[in-house]
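The two complexes that follow have chain A in common; it is paired with chain B in the first and with chain C in the second.
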Partner chain A sequence: MNTTARHDSYDVVVIGAGPAGLAAATTAAEAGLSTLLLDENAGPGGQVWRAIASTPVRDRNHLGADYWAGSELVEEARSSGAEIIQRATVWSLDRNLEIGVSVGGASFFVKARRVILATGALERPFPIPGWTLPGVMTAGAAQTMLKSSGLVPSGPTVIAGQGPLLWLLAAQILRLGGRIDRILDTTERRNYLAALPHAFAFMTSRYFAKGLALMKQVRAKVPVVTGISELAAAGDGQLATVTYVSGGRRETVPAELLLLHQGVVPNVNLAMATGIEHRWDDLQLCWSPVLDRDGNTSVEGIAIAGDGAGIGGADAAIVRGRIAARAAVEALAPAAAARLAPMASFKASLVKAERGRIFLDTLFRPAPQFRIPSGDTIVCRCEEVSARDILDAVAIGATGPNQLKAYRRTGMGPCQGRLCGLTVTELMAQARGKSPQEIGYYRLRAPVKPITLAELAAVPKTEADVNAVVRG
Partner chain B sequence: MTKLADAIIIGGGIHGCSTALHMCLAGMKPVLIEKDYAGRHASGVNAGGVRQLARHVAEIPLSIRSMGIWERIEELVDDSCGFESHGQVLVAENDAEFDACRARVAELNALGFTHEELIDGPELRRLVPAVAESCPGGVVSRRDGAAEPARTTTAIRRKAEALGATVREGVAATNIRKQDGLWRVDVGADSYAAPVLVNAAGAWAGRIAADLGEPVPVETVAPMLMITSRVPHFIDPVVILRGRKLSFKQFANGTVLIGGGHLATPDQDRNETVLDWRSLAISARTVFELFPVMRSATIVRAWAGIEARTKDELPVFGPSARHSGLYHQFGFSLHGFQLGPGAGAVMTELIASGGTQTRIGDLGIDRFHSSQP
Partner chain C sequence: MFKRSDQDSRPSVRIVVDGAALAAREGDTVSAALLASGRDVRRATAVSGAPRLPYCMMGVCFDCLVTIDGVGNRQGCLVPVAEGMQIEIQKGKREIGR
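Now for the complex of A and B:
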C-alpha cells in the first residue's frame, strides 16, 4: 500500500472515493491530467459502495444491484491512470490549494492546481431523549458494520426515522437474517400532501419502483408504526426501552438496539474549514455550498461534487463528479477536453438523475421535534450540553453558535461540532426567532479530522501510535 | 439621527469592552461599536495567558495594575472568566538561557519589580514535573495564570452593557470625524457624537489612526494556536520556553493549548487566516520532545486570531499627539489579553481625571513621531 503521494503537486486532487470522487478522478486522469485521489477508507466506494472490493457479503442479492454497480466505476478509476491512496485522511485544505494528508500515522502536504471535494454526506443528527445511551446508534453506522463485516442485529431491535436509506438498511438486515422487531416511521402525515405535486416526476425516476419494492419487502416481515410524533430512548446506562407516540397513543417497547436515521446532509466540514461560502438550504434543512453550474465554489480552484454539494444520491453524484472534472480539464488543458463527452450531455444526465429529488426532500423533510430538542435532551455529547443549557445562554446574550462557546463549551470538544452543529443552529434560530442563515454555523477549522501530535510532528511512529488514530 | 454619548469606543475586543466597563463604573455613558461581535478576533481566540512574566519593562506597571483586577475579576463582572492562578514558568533549556534569566531577574529587581523570581532545577521540576532533567532552571511569576478568553471578553462586554454602555455589534463605524468640537461616527443609519473617541480597534486600529493623520508602524499578524484532546493531568502552570517558540498550558478539563507565536497569514478584509501547518508541525515536534505524555494526544483544532503588532512590539496607549479627545488603545502585539482589565481602568482615569498613577509614559503614540523628520 502506498503511504505517501508520489509527487508534491498535481493538476487535480480529488478528495473522497465515493461515486462522485471516482467519476471525477477517472475523468480528469483520462484527459491526461496528473490526478491524485485521496480516500479515507480501506477501499474505494464511499458510503454507498462501502467495502465493495472487500465485503464478506458475497450473495449479490443481499446488498442489491445498485451496490454492485459500483464495481465498474472502481475498475475504471483504477485503470484511468489516477494515483489512488486509501486510508488517507485529508485533515486540512486552504485557499492556496495546499492539502494536509495523513496516511499510516504520518502527515504530508500536497499542492493542487484544482481540487474536487467529494466528501459526501453525513447522517443528520437525531437528538431525541436518550440518544446518547449505549445501544442507540445511527442506521449509517449499522450499515457500515453490515457491509464491512456482515454483522446484523440479533437481539430486540427497533429502527426509527424515515427516508430511503432507512428502508434500504431494513431490507438488507432482513436479507442477511438479522432481527428487526419494529419500525417506527417518523414521516409527518402532512408531508405526503406537500409532496404530492412532485409525485409524478418521482414516479418516472428509477428510484420509485425500487423504493416501493423495498418497502413492500420490509413490511411483509416487520410491523411498521407510522405517524410517530414523539420518540424517546431510555435505560440505566444501556438502552432498555423505546417509547413512542403515534396517533395520540403512547407505547413502550423493550429494545437492546435502536437504530436512528432521518436522512443525510452534506458533509461540509472540510469545505467550511477551507473558507468556502455556504448557504442554508430551506428545503433540505442543511448547509450547502454556494456553487456555479460546474460545481465551482467561492474559493478559486476548488469544486464540490456529489452529496457534499447538496444531497442528490449516487446517480447524480457520478454525473456531478464528471462535470466538475470536465470543468477542471477545460481550465487546465482545454485541448484535452475535446476527448471527453460534451458538457451538455453531462448536464442532460444530471437533470435525469435529479428527477424526483424534490419529492423525496419534501416527503422526508424531518419534523421539527426530531431536529430541535428541548429540556434535558443532550445536544452536544462531547461536552454534555443540553437543549436547556443552550436556551439559558441565549437568554443572557448568546447570539449564535460561535458566541455560544463563550457561555458553554458547545462544539469545543473532540468532535468540534461535527455532530451537533445543525442542531445548535436550528435550536438557536428557533429560540431567537431568526432563520438558520442569520444564526450561522460554527466556524470550522482544520484539522477537520483529529490527528495525533506525533502525526503532525512527522516523527517516527510506533505501532501503538498508528493504532491510536481513531477517526471521529 | 445623531445620538450623544460621553465617549465613543471603536472595537469590541477585551480592551474596548474593559474601557467601556470602567467608564460605566466612573459614571460615564459610552457607546461601543464593534463591526463583528465582541471577542470575535484576537480577544476571543488568544491563548488566555494572564501573564506578567517576561514583559517589556515599559509595560510592566500596566501589567501589574491589571493583575490586581484579574484577581477580583469575578467580583467585577459576575463571572469567574475561568481565571486560574497556577503561575507562569519560563524554562531555560541550557546554561546560556539560564544566565539570561538570571540577568533579567536582577535587572527587574534593580528597578524595584519583584514579580519574577529565578528558580533552580529542583524548583523548576517541582513546578513542572514533566520537564526534561537537562533544563537548569528558569523564572516563575507565581501570581500569573490563565483565563478563558472568549468567556472573559463576553463577560466584560455583558457587564458594561448592564451598567449602561450602549453596545453596537455587527456594523462597522464609518466616517469618523471631528466636527463642532465633537467626535462623530456613523453606524449604519445611526450617528453617534461624543467629546471622546477611543481607538481600540485591534488589527483595524492602525487604519483609523492613519486616517486621522497619526500613522503608526503597525502590521496585522495572526499568531497560531492548537488545542489537543484531553490527556491525564500533568501540569499546572503555564510554561513558556526561553529559547524556542513554544507556550504550553493544560486546562482543568485535561485539554492542552499549544502556542508560541508562529504566525498564520491574515486576511483581515475577509476575517480569515490561512494556517501555516509546517510551523505548527515544528511546535508539535517541540512538545513531542519535551513532554512524552503528549505524544498520543490528538490535535482537535488549530486557529489564529487577527491582531496588530507594532514595530517595537509595544502597545500604542494614551492620548493622541494630534487631536484633543482622541485616545489610542491598540497594537498590543500578541500580549494584550492580560493587559485588558488594567488598560480599561487606566484609560478611564486618563479620560475622566486627566491623569493616572500608573506609569504608561513610554507607550504613547508620540514615540513614533518624535524621531520623524
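Now for the complex of A and C:
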C-alpha cells in the first residue's frame, strides 16, 4: 500500500476515485500532467463501482452491466500514469491548493496547481422515528456490503423510500438470494403529475428501460406498498417493527432490518470547508456548488466534477470529470489540450447523459414529512438532538445552524453535519418562515474528517511554523 | 441480519473481537465482518450510551466507531480486516491514551 505521495507537488490533484475522479485523473495524466488521485476507500470505483477490483460476487448478471462498465475506466486510470493512493483521507484543502492527507494514521501535505474535487454524493438523511436503532441502515449501506463482501439480508427485511437506487438494490438482493419482505414506496402521488411534462425526455434516456425492468423484476417477488405517508421504526435497543400509513391505513410489520433511501445529495463538506460558494437547489433540495460551464468553482484553481457538483448520475459524472480535467489541461498545458477530444464533444455527451434528470428529480422529490421531522425524532445522530430540541432553541433565539451549535451542539459530532445538516437547515427555515438559502448551512472547517492531535503534531514543520506559535 | 453469498470464495482472515476469534473474509471491512458474524456487536454512543450499529457503511455517519488494535474511534467501515486484528466494541467515549 502506498502510504505517501511520491512528490510534494502535482499539476493536478483529484480527490475521489469514483466515475468522475477516475475520468478526470485519466484525462489529466494522459495529457502529460503530473496527476495524483487520492481516494478514501480500499479500492477505486467510488460508491457506484465499489469493490469493482475485489468483489466476491462473480456472476456478472448479479451486479449488472452498469456496474461492470466501471472496469474499463479503472483500467484506464491505472495505466494512465496517474499516481493513485487508496485509503487516503483528505482532511484539508485551502485556497493555496495545499491538501492535507491522512494515510494509515500519518498525515502529509501536497501542493497542486489545479484541484478537481470528485467527492461524490451521500444518501439524503431520512430522519424518521427510530432511525438510530440498530438494524436501521441506508439502502446504500446494504449495497456496499453486497458489492464488497457479498452480504445480503437474511432475516425479516423492509426497504422503504424511493428513487432508482432503491429498486436496483432490491433487484440485486433478490438475485443473490437475499430476503426482502416488503417494499414501502414513499413517492408522493402528486409527484407523478408534476413529473409528467418531463416524462418524454426521460423515455429517451437509457435509464428508462433499465428502471422499468428492475421494478418489474422486484414486483414479481416482493409485495410493494405505495403511497406511504408515515413511517416509523421501533424496538428496544434493536429494530423490532416498522409501522407505516398508506391510504389512511396504519400497519405494523416485524422487521430485523430496515433499509432507508430517499435519494442522494452532494457531499459538500470538503468543498464548503475550502470556502467554495454553494447555493440551495430548490429542485434537488440540497446545497450545490456554484460552478461555471467547465466545473470551476468560486475558488481559483479548484473545479468540482461528478455528483458533488449536483446530482447527475454516473454517466454524467464521467463526462463532467473529463470536462474539468480538459479545462485543467487547457490552463496548464495548452499544447497538450489540442490533442484531446474537443470540449464541444464532451458538452454534447453531457447533454445526453443528463437527459431525463429533471424527471427523476421531480418524481423522486422527497415528501416534506420525511425531510422535516417533528417531536422526539432524532435530527443530529451524533449529539442525539431531537426536532423538538431544535424548535425549542429557535423559540429562544437560535437564528441559523451556526447559532444552533451553541445551543445544542448539532453538527459538532464526528460526522460534522453530514447526517443532520440538510434537516437542520430545512427545519429552521420552516420554523422561521425563511428560505433554506436565507437560513444557510453550518460553517465547515478543516479537518473535515477527524484526525488525532498526535497525527497533527507529527506533521513535518518548518522553523517558521514553529516560530509562529512558540514564544521565548 | 446478513448472510454471505455462496459465490464468495475469498480466503478466511482470523480477527479477534472482544477476545473471541472470528473468521472474516479477505476484503471485508471491520464493520462488514462484525455485521456478518451475527454476534451482538452494538456499540454504545458517547452522549447517552444508546446502542448503535453502522448506518451508512461509506464513511460518513460515524456510527461504526470501534476500537481497532488499541486505537479508539476508528471508522470500522473504512478499515479492511487483517490477520490477527484485535477489535473491541466501543462502549461510550474513546478513552484517553487509546
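By our rule, the second predicted complex is superposed on the first by the 458 of 472 C-alpha atoms of A that agree within 3 Å, B and C clash if a C-alpha of one lies under 4 Å from a C-alpha of the other, contacts with A are read in each partner's own complex, and residues count from 1 in each chain.
Keep in mind that, in the parts below, a residue touches a chain if its C-beta (ideal position, glycine included) is under 8 Å from a C-beta of that chain, and two chains touch if they have at least 3 such contacts.
All of these numbers come straight from a predicted model, not from anything done at the bench.
Return first, second, both or neither, reflecting whether A:Q238 touches chain B, chain C, both chains, or no partner chain.
It touches chain C, and chain B stays clear.
Who does A:P414 touch here: chain B (first), chain C (second), both, or neither?
Both partners, chain B and chain C.
Let me test your reading of the model: by the given contact rule, A:I396 touches which partner, first (chain B), second (chain C), both or neither?
First partner only, chain B.
In the superposed arrangement, does A:I451 touch chain B (first), chain C (second), both or neither?
After superposition on chain A, A:I451 lies in contact with chain B alone.
Is A:S435 contacted by the first partner chain B, the second partner chain C, both or neither?
Neither: A:S435 stays clear of chain B and chain C.
Quick one: classify A:S345 as touching chain B (first), chain C (second), both or neither.
A:S345: touches no partner chain.
As a test of reading the superposition: which chain, chain B or chain C, is in touch with more residues of chain A?
C
Check the residue A:T4 against both partner chains and state whether it touches chain B (first), chain C (second), both, or neither.
neither
Would you check which partner chain A:V57 touches, where first means chain B only, second means chain C only, and both and neither mean what they say?
second
If you lay the two complexes on top of each other, which residues of chain A touch chain B in one and chain C in the other?
Comparing the two interfaces on chain A, one with chain B and one with chain C, the shared residues are 413-414, 450.
Can you tell me which positions in chain C touch chain A when the two form their complex?
Answer in residue numbers: 1-10, 25, 27-29, 32-33, 35-36, 42, 45, 47-48, 50-63, 65, 71, 73, 77-78, 80.
Please give the residue numbers of chain A that touch chain B in the complex, ascending.
For this pair, the touching residues of chain A are 92, 94-96, 98, 100, 107, 109, 275, 396-397, 399, 402-403, 405-407, 412-414, 416, 445-447, 450-454, 456-459, 464-465, 468-469.
For chain A, which residues are in contact with chain C within the complex?
Residue list for chain A touching chain C: 40-42, 47, 51, 54, 56-59, 62, 87, 89, 105, 122-123, 132, 134-138, 140-142, 144-145, 148-155, 176-178, 237-238, 256-257, 267, 381-384, 413-415, 418-419, 450.
Flag every residue of chain B that touches chain A in the complex, lowest number first.
Interface residues on the chain B side: 37, 39-40, 44, 148, 150-151, 153-155, 158, 228-229, 270, 272, 274-275, 277-278, 280-281, 284-285, 287-288, 294-303.
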